[in-house]
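Quick one: this structure, given as structure tokens, is what I'll be asking you about.
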Amino acid sequence: MLTGRSVEQKRKVVAAVTAAAADALDCSPNTVRILITEHGPEEFSVAGVTAGQRAEEQAEQIPIGESK
Amino acid sequence: MLTGRSVEQKRKVVAAVTAAAADALDCSPNTVRILITEHGPEEFSVAGVTAGQRAEEQAEQIPIGESK
Amino acid sequence: MLTGRSVEQKRKVVAAVTAAAADALDCSPNTVRILITEHGPEEFSVAGVTAGQRAEEQAEQIPIGESK
Amino acid sequence: MLTGRSVEQKRKVVAAVTAAAADALDCSPNTVRILITEHGPEEFSVAGVTAGQRAEEQAEQIPIGESK
Amino acid sequence: MLTGRSVEQKRKVVAAVTAAAADALDCSPNTVRILITEHGPEEFSVAGVTAGQRAEEQAEQIPIGESK
Amino acid sequence: MLTGRSVEQKRKVVAAVTAAAADALDCSPNTVRILITEHGPEEFSVAGVTAGQRAEEQAEQIPIGESK
């Protein structure tokens, strides 16, 4: 997932995903292992544009004087 | 995961895991993509023993005359 | 990628992607290795719905009598 | 693997694993490439509990007055 | 790895690699899990040429009349 | 890929690879997502020797008095 999640969010997501997977597949949570790989905004792209690039482009598209 | 899950189980697990992840990370389910990679019993090992090998060894350990 | 591509398509895409990557990163094509992993329609999901499930749902949405 | 291994350990493990794989598969060591991906204690979980969380819980379980 | 290895080779390589990794990293073999992903000759490329394509090209380079 | 590429190089390579893949597979660039995982010189090995180790060995092979 993208970098920037807190320790609390990571602990919450692995607990929730493990419970959901074990329940749906009817297997022990002990057999569920999760490896989180974090990607920075320049290490993830959709349609050939990185997340960082997209954020820059969106910031540039707000006209001067706009309050957002 | 190990091979052998039904289409129903696969649809159930991707729905459950996507909902759990989106809820825990407070993001849209649309941003959650899941790729399932299935591994046969000889393509997965713990402690240097494949799942197929372990199943064979456990079958062999049942003494003759046992009802299970 | 999804299953179903021909040998010709696979050869075309690895040649094109290798050339693009080597050119963009200014490195030798010899250092570019590609592993293709194919996923069937029930092994890929967006928003908790597998590709196979989505195809089924779209087929069901075509009203009776429609020529498509 | 978990973060925290020294350069010496990394060099030792890739040499040992490459030799073992080439020998077992009867192929040239030149065909063996290893990519190490390191995961921090909050990026790895078993049974829905991250390694960091487990370490915290184990520290809390040691009663006051215990020497270890 | 490329498809085509026997069950015996798979059992041999996971045993050997697990022992090598556990020894080099000084950790229990129980913590070593291996997932084997097999790739066919058209799902692996070096320098933009798949393994299947390379095999074809090499076969074509043997002149007529050559005994190999 | 190895660590050390600039933001510009990353943006260039994801744009080029996305265009090449979409063109070769005749699909929309919107369906192409790229995750870049960067590996340091001690997290990548060929033939059991890490990139860092190889660089060290090559530096040592330059005889005294050589200007490089």
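All chains are identified by letter, namely A, B, C, D, E and F, in their written order; residue positions are counted from 1 within each chain.
Criterion: a residue touches a chain if its C-beta (ideal position, glycine included) is under 8 Å from a C-beta of that chain, and two chains touch if they have at least 3 such contacts.
Being a predicted model, the structure only gives us computed values, none of them experimental.
Where touching is counted per the definition, the chains common to subunit E and subunit F are C, D.
The contact pattern of D-E recurs in C-F, the pair among D-F, A-F or C-F where over half of the contact pairs coincide by residue number. Rotation angle for the C-alpha superposition of subunit A on subunit E: 180 degrees, rounded in steps of 5. For the self-contact between subunit D and subunit F, the two sides draw on mostly distinct residue numbers; the shared fraction is below half. Spacing of subunit A relative to subunit B, judged by their CA centroids, is 23 angstrom. The centroid of the Cα atoms in subunit A and the matching centroid in subunit C are 22 Å apart. Shared contact sites, meaning residues of subunit F that touch two or more other chains, fall at 15-17, 19, 33, 37.
Contact topology of the protein chains: irregular, matching none of line, ring, star or complete. Pairs of chains in mutual contact: A-B, A-D, A-F, B-C, B-E, C-E, C-F, D-E, D-F.
Every residue of subunit E that touches subunit D in the complex is listed here, in rising order: 1, 5, 9, 12-13, 15-17, 19-21, 23-25.
Subunit D makes touch with subunit F in their complex at residues 7, 10-11, 14-19, 28-30, 32-38.
Interface residues of subunit C, counted against subunit B in their complex, comprise 37, 39, 42-50, 52-53.
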